[in-house]
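Labels for the chains are A, B, C and D, by order of writing; each one numbers its residues from 1.
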Amino acid sequence: MDYQALIEEVYKEVQNENPRGKVADYIPELAHVDGNQFGIALVDLEGNVFGVGDYQTPFSIQSVSKVHTLTMVFHVFKSKLWSRVNVEPSGNPFNSIAQLEYEKGIPRNPFINAGALVITDALCSKFDRPFHQISDFINELSGHQCVLMNPEVKQSEQNHAERNTALAYFLKAYKNFENKVEDVLDVYFSQCAIEMSCTDLAKSFSFLANDGYSIFANREIVSESHARRINALMLTCGFYDESGEFAFRVGLPGKSGVGGGIAAVMPHKFSIAVWCPELNEKGNSVKSIKALELLTDKLKFSLF
Amino acid sequence: MDYQALIEEVYKEVQNENPRGKVADYIPELAHVDGNQFGIALVDLEGNVFGVGDYQTPFSIQSVSKVHTLTMVFHVFKSKLWSRVNVEPSGNPFNSIAQLEYEKGIPRNPFINAGALVITDALCSKFDRPFHQISDFINELSGHQCVLMNPEVKQSEQNHAERNTALAYFLKAYKNFENKVEDVLDVYFSQCAIEMSCTDLAKSFSFLANDGYSIFANREIVSESHARRINALMLTCGFYDESGEFAFRVGLPGKSGVGGGIAAVMPHKFSIAVWCPELNEKGNSVKSIKALELLTDKLKFSLF
Amino acid sequence: MDYQALIEEVYKEVQNENPRGKVADYIPELAHVDGNQFGIALVDLEGNVFGVGDYQTPFSIQSVSKVHTLTMVFHVFKSKLWSRVNVEPSGNPFNSIAQLEYEKGIPRNPFINAGALVITDALCSKFDRPFHQISDFINELSGHQCVLMNPEVKQSEQNHAERNTALAYFLKAYKNFENKVEDVLDVYFSQCAIEMSCTDLAKSFSFLANDGYSIFANREIVSESHARRINALMLTCGFYDESGEFAFRVGLPGKSGVGGGIAAVMPHKFSIAVWCPELNEKGNSVKSIKALELLTDKLKFSLF
Amino acid sequence: MDYQALIEEVYKEVQNENPRGKVADYIPELAHVDGNQFGIALVDLEGNVFGVGDYQTPFSIQSVSKVHTLTMVFHVFKSKLWSRVNVEPSGNPFNSIAQLEYEKGIPRNPFINAGALVITDALCSKFDRPFHQISDFINELSGHQCVLMNPEVKQSEQNHAERNTALAYFLKAYKNFENKVEDVLDVYFSQCAIEMSCTDLAKSFSFLANDGYSIFANREIVSESHARRINALMLTCGFYDESGEFAFRVGLPGKSGVGGGIAAVMPHKFSIAVWCPELNEKGNSVKSIKALELLTDKLKFSLF
């Protein structure tokens, strides 16, 4: 398979069609990003990198980081985690608090905001310097020092933190939150403010295409069985209330962020990261989704 | 791969552990079924059948038939269908009406009751003798005359039809239901009352493991792209509000019915049907889920 | 108190301000009504009638009839009724089905559609010719033969009955509906299609201002204690999800209908009916509410 | 009317029947209160006090204080307030956050927790030393220095503040909260920790029975029209999701607190405070409700 030719073809078709959306504007720092940027990086199982467009430009990975933190905690806690977070698709917007009330403080899954806060809280309970350890972990997965945290983005998120703060206190009311709210939010906003290129992001997801083994870290990150479960979670819950649509149209496990990035994997073939800042109304990148849909159409295979 | 040895091993382990549930009791005819029955049939891409336990005993396939009717309509209507039914997981019980109100008469997906009623309604608009054509279609997929409709089960469902009738009228209130309510319900209850063995059910799902081509019908049933989309829908929505859990633990696209049957596929490998009448509280067969979980663990692969 | 002068003053002020709404259009027969009609009739405890504007013109009383049917059943069943219907305000639109699901088939109160259907169902269980007996009862309350049922309006409602049919079947699914759905709906649509003038409607509510005794029927209709409870229900639940607003601005127990009529009482003083077909977005008559608000302001008293 | 004989009769009947509930246990300080205490104080329009049982014992007034703070803000802000808080009954538990999400940050009414927080926030915007001014106001209404704030109760509430903190941040996310969360909560928990006797509480509600004029403060507290509106709000929203039931059974405007106190008024007759710490499952005092029901039955009148 000539992956370089494939992603170039996909890139061109998307640029020709040029579907547009709206750059995230809930924080000023994200609203300033140039919406015309677009890049694709694909990493095969041997570690070869194929790239096109702005694939080397770092961008704000935002919620894509929730896969990294889940992986760190998944590895450590195993089954205990699942008494605190469920694994069902939400069908509601990512920051909904109503569902959390109906389900008595147990978030639907680790990728909606409430669930990701529980994951970061668990991580804060187990690690001394949690954000350093998140950075170290992602650097290891990517094979080199690549993680940068943008302090302006973090500050901007902290200035608009009311809703996440409400979620955290609500979790605390249900005894599903162990640490100080401000401490966990500090780590949470730091992880969301991480900037990486498509190349490094695709590398950091490579272990999920490879039964849990990272060719860049040169070690098993999680067991084959855990890798499968993380992929299943991404497929059913990775795109908020558009997860069904993404599975239907694309058919790959993946995770999106409001920075416009999507990381996805085709198990036993490749990992891939696509980035374009303009989002649809569900908060997912318009061009990135289009690119992945074209890719699986051209490959004539997906997960299914 | 020695599939016969594999399913026998799985069968034995499940029987040794012997996890129990509760036979569906919402209609008397289903409540009378012997809960000890348990069978597995696996069909590979060449059409070889492997079976163990009660795999030749016909049982009430119930909601598994929703995959067959969706396939019939998917083929005919293509994109028009998706203005009437969504493709998102529900996160609510299968017969919920609240979500239908919040989403203005568009069911979440074709496998919850409201969505399946829209599918059967669409089918009634296009076919003259809809239930005959459903039977013919399933017979063709299974390679021989195997479909029987149990009139006592159908009558029993009709005697307890209030909730489905309410759903149908509610859809009609939103102009998302074209035919007479009683006509569509008659077809709907007939399809739910179909009885088939694990063998025939697995055969009838074989095309979904084979990019849309049925070795038994000897023709392409749906395009490769449609087969992938039906599989995606089964993965995200096939098990009601336990779909995430099934994807997480098992990782195969599948569909369950309250008769205790589950049909599933491993694309490009096999289709499989498992049956045991005792259900968990979500309405899915306890032993059937356990068997499929063991199967993918032993195979060391799933979709992911 | 010179009631005639009072209601004339109110009438003039409302006409000068001339607030407008939109005639109900969910059924064609109601949509054709002239929106400029406006009348007020007040009946004091001695039975004197004071009127202004179109107070002698019959109009479709619609949901105002729910007070009459509740009274008929209240009298007969006493406490048993309250295991089937609750007495809490709904806070949801009058035809919502979601709440009915969350509360397992027990309608919030007797004035939302689901609750009114339970009342009419109970009435069908107890009376042989339920609509005749409803007519007789209202005629008695008004002191003469005044009730007419408009068959075109009834037919029009039956042609758009999907949502009420869904509610009825849903109630049946929860075993909270005893009779045939079509039989009860027939009575229900008949009672909604009753036409009466403001004068007769105000007379028919007079017993609620008079501790349960009707000066027109010349007998105690319900006990003093029951009259108080019916008034309490009207105050908390009589105006759908605008009940709080009406209590806040007007402060009288009352019941509105989508025909634009409102009947209300000031206990120990008078009953009153106001009618103008143009509705606000909650389905309550704009001018009728305005008139009642001015009235209690001018009187310098309300319930409170 | 011999009010002393009346409340003594009511007191005896309630004690004979002796219905029991459960002392509030969400904070330790309230859980320690002796559940056997029970008192009634009635204040007529001339300012005469009638009392029985533990009517002179101070108790934690909790949410009853929300009527005092609403009155302070009602007077100052008039119509502007109602863009920030609605006046509809909630039909949900007092501390629900789901409804707040569905209604985009506008609380249903000023008596559920979210609405009361908005009121206290508005109060913090207008007054320099808000809790002092609350105390002064209530002292004035009661005719002497009677307000004491229990610091252990306040501290206990602050130690279990997660849910109210979540509500406050959630309101802030919708721009419906002006001051610092901790500052407003400090005032809020102080007002909830106020202790008063039935006598003083009944006195402090006297102006609501008297068209807004307080005989103890010797001045008009609010206009006659505002007094009517506050009474209407208490009737439709004063007892959480049991407001309809209370209106139905008792028929007086009132407000309950989890300390077991209820203050109510019969306009143009009297104000009354009843206290017994044991609550029903909705959080309202069992004996206090029973006493008020007997009272209106014996009087043969209520609001209606």
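Side notes on the structure shown:
The rule is simple: a contact is a pair of C-beta atoms (placed from the backbone, for glycine too) under 8 Å apart; a residue touches a chain by one contact, two chains touch by 3 or more.
These numbers were taken from a predicted model, which means no experiment stands behind them.
Within the list A-D, B-C or A-B, C-D finds its counterpart interface, over half of the contact pairs alike by residue number, in A-B. Chain B and chain D, compared by their mean Cα positions, are separated by 55 Å. Separating the CA-averaged centres of chain B and chain C is a span of 48 Å. Note on chain placement: the centre of chain A and the centre of chain B lie 32 Å apart, centres being C-alpha means. The residues of chain C never reach two or more other chains; the list is empty. If you draw each protein chain as a dot and join the dots that touch, you get one closed loop, with every dot joined to exactly two others. Going by the touch rule set out above, the chain pairs that meet are A-B, A-D, B-C, C-D. Those residues of chain B that touch chain C in the complex are listed here as 96-98, 101-102, 162-163, 165-170, 172-173. If you check the complex, the residues on chain D that touch chain C are 86-92, 108-109, 224-225, 227-229, 231-233, 235-237, 241-245, 247-249, 251, 253, 267, 297, 300-304.
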